[in-house]
Amino acid sequence: MNIFEKIMKVDRRWVYLAIGLAVSIPAVYELVATYILKKENTTINIPITPSPEVKKVYDFVESMKPGEHLFICVDYDPSSMAELNPMTTAIVNQAFAKDIKIIFVTLSQFGPGLVEQITSSLAAAHNKVRGEDYAFLGYRPYPAITILAMGVDFRVPFPEDYYGTPLDSLPIMDGIKNFNNLKGVIELTSGNTADFWITYGNGRYGFPLALGITGVMSANYYQYLSSDQLLGIIPGVKGAAEYEELVGFPGDGKAQMAYQVIAHAVILVFIIISNIAFFGTRKRKGGMEGGAQ
Amino acid sequence: MSTGQLIGNGIAAFLTLCIFSFLYKDNPFYKFAERLVAGVATGYFTMLLFWTNFIPKVWEPLYERHEIIYIIPTILGIIMWTRFSKKWAWVSRYSIAFYIGIGSGVAVTLALYTYLFKQLQATIAFPISMDVAGINQLLVVVAVLASLIYFFFSTPHKGAFGVASKLGIYVIMIGFGAGFGLTVMGRIALLVNRVIFLKGYLIALFGG
Amino acid sequence: MKREIPILIVGITGFAMLIQYFIPTDWSETIFTKSQDWIIIIGILSMPLGIWSLVKANVNKLKDPNEWFYSAVLLLGFLIMIVTCLNGENLSGNSIFNNIFNYVLVPIQSTIFSLLAFFIASAAYRAFRARSILATILLITAFLVMFRFMPLGPVSTINAKIVSWILQVPNMAANRAIMMGIGLGATATAMKIILGVERTYMGHD
């Protein structure tokens, strides 16, 4: 076996080790710099330029006036919170800072725990009161049907909020019957609820809709931007970092960027090495066949 | 971090490492964590469903507010359980039919509107101009047509049709390549989150 | 009876919902709202089917000498969550129920999915090779999209513009074509279900 064939057949556990080490480099650097070298500012800042589709979402929330209502649907679970929690936190921070009222809903079965994590910390930081400044309606199964029902009246699928309080008792829900009474909806998801919101939500009721989605999904939703079915997209953790840059506070999205740079560099090097080995093997096989003839 | 948080995050760190051990090979620690999360997740969902769905939507309307009309969907929901009986499983078809019928009826108009009409409108409604936006829009029209032609198998892909079909597959490959590139970012983010968590726990444990 | 009545129900309800979209009257809205409300209730009562299946399967596995321990772990986790939430108020706040969610469920679920990072790196190394023109196009596009993370000043700026064009023109066009196909397929399938041509949802006798 020559060197090229050895490179192509390397055990995948070496690849796992390389990626694991690569992703650990910024963490190790920060630990060493803080506790051994005693440096003050050890965060590695990567320059971030917000993209137009992210800026559209930011501008939409920024254009809202204090007291107006924003609907945030947290449709993801712990498996994708690494990408979506940063953008959710950034949006909620921006909205609370502008005294915008937020109605939360989740159509994901593990969403309530995540909404509770976010609202409990951010509401306390901004002195927001549940029931007055924000409400969490809870979880319902069958997203398509729930969206259709909410478009008629929020009280049809959600007679009470997550904590058992009737919606009519919540000051934030005064005068709020359905999507027509809101400024818009931001859907944060890692699954096919994005399609349900576009089809059954924006398609039937026509409200402004923005998506915050994982990197895996983001390439599949640009056509809705150009057809004005979406007002903006926040794609993955990079989109979250761009949103944090716009909102102006450092969050988990920007903190991840240094790790992303190194991991991507390693994967790009892997691809280059693997292709060099591939072409080297092909050339060698072609040379051997020519020699044999 | 308080002592309670330190213990809780310690458990979380241990379970994280149990899952990572799978990268070397399958082992009892990984299996333990995998089954534990399945049980905990099922239990979590059960209680969530009971307290926040069953009580306000089924129990309270029937038992506390005596809204008798809700007996109909309740019976339809309960007969879904006949699926466990080989003899009576056919009864559940009535509930399924109700759900499928309503879902399909609603889907027809909205799927056509969302996936076809709005997309067609965005594709063909473009101003003819020689600026960047105009040229890009023209490219979009050509690329969409070529991609649609690639998926049209009722005609042999020969001649002009074949050329358009080849252009279509090239466009589709660009789309898939973009998707792969973004997927890498997404997957790395999941790993980075766990590394940052473990780093934070080490700092809390040793660094104060 | 066993097949004909469900097909009739699907046909009547399907047509009713289809026509309802075009009738903007109060009674039509009431029928629409009531039907959504009832579907939600049916859904809530159907969800325990999956829960029961999982519990039953693992109770049966307790007799298996190779699997009993892991099935016991699963059932123990399930029972602990039930017992710690016998009061609805434990769903929120600093309860044991919530703490198990935060310190057991969240880390395990997020770590299981984080393994994908390793797998995608391995896939990129072992399978992502320029074997043909199509593979080369895919490789170059993915390379450019991944390269935008590199902070290399003016090179990054040019790359970002190229990637933005890729996402908003060829990628968007490809996905639009695929979406149109999906829309036609979804509509055709829905119509086949309403007309009784498609009956796979009923299962077998």
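Things worth noting here:
Note that the chains take the letters A, B and C in the order they are written out, and that residue 1 is the start of every chain.
Simple rule for what comes next: a contact is a pair of C-beta atoms (placed from the backbone, for glycine too) under 8 Å apart; a residue touches a chain by one contact, two chains touch by 3 or more.
The structure displayed is predicted, hence computed values, not measured ones.
Placing every chain at the mean of its C-alpha atoms, the farthest one from chain C is found to be A. Set side by side, the interfaces A-C and B-C show unequal numbers of C-beta pairs in contact, with more at B-C. For this pair, chain A with chain B, the centres built from the Cα atoms lie 13 Å apart. One simple way to say how far apart two chains are is to compare their mean CA positions; for chain A and chain C this gives 16 Å. Here the spacing of chain B and chain C, counted between their Cα centres, is 3 Å. Contact with two or more other chains is made by residues 36-37, 39-40, 43-44, 47, 88, 91, 101-102, 105-107, 109-110, 112-114, 117-118, 120, 124, 139, 143, 146, 149, 167-168, 171-173, 175-176, 179 of chain C. Counting partner chains per residue, chain B has residues 23, 41, 44-45, 48-49, 52-53, 55, 57, 102-103, 106-107, 111, 114-115, 119, 122, 140, 175, 178-179, 182-185, 187-188, 190-191, 193-194 touching two or more of them. Among all residues of chain A, those that touch two or more other chains are 16, 19-20, 23, 79-82, 110, 112-113, 140-141, 145, 148, 157, 162, 164, 219-220, 223, 226, 238, 260, 263-264, 267.
Within the complex, the chain B residues that touch chain C are 8-9, 11-13, 15-16, 18-20, 22-23, 31-49, 51-55, 57-58, 70, 72-74, 76-78, 80-81, 83-84, 89-90, 93-109, 111-112, 114-116, 119-120, 122-123, 136, 139-140, 143-144, 147-148, 150-151, 168-185, 187-188, 190-191, 193-194, 197. Partner chain C is touched in their complex by these residues of chain A: 8, 10, 12, 15-16, 18-20, 23, 46-47, 49, 51-52, 77-82, 110, 112-113, 116-117, 140-142, 145-146, 148-149, 152-153, 156-157, 162-164, 219-223, 225-226, 238, 257, 260-261, 263-268, 270-271, 273-275, 278-279.
Remark: chain C residues 29, 32-33, 36-37, 39-40, 43-44, 47, 88, 91-92, 98, 101-102, 105-107, 109-110, 112-114, 117-118, 120-122, 124-126, 128-131, 139, 143, 146-147, 149-151, 157, 160, 164, 167-168, 171-173, 175-176, 179 touch chain A in the complex.
Remark: chain C residues 2-3, 5-7, 9-18, 20-21, 35-49, 51-52, 54-55, 70-71, 73-82, 85, 88, 91, 97, 99-120, 124, 134, 137-146, 149, 163, 165-184, 186-187, 190-191, 193-194, 201-203, 205 touch chain B in the complex. Chain B meets chain A in the complex at residues 23-24, 41, 44-45, 48-49, 52-53, 55-57, 60, 102-103, 106-107, 110-111, 113-115, 118-119, 121-122, 140, 175, 178-179, 182-196, 198-199, 202-203, 207.
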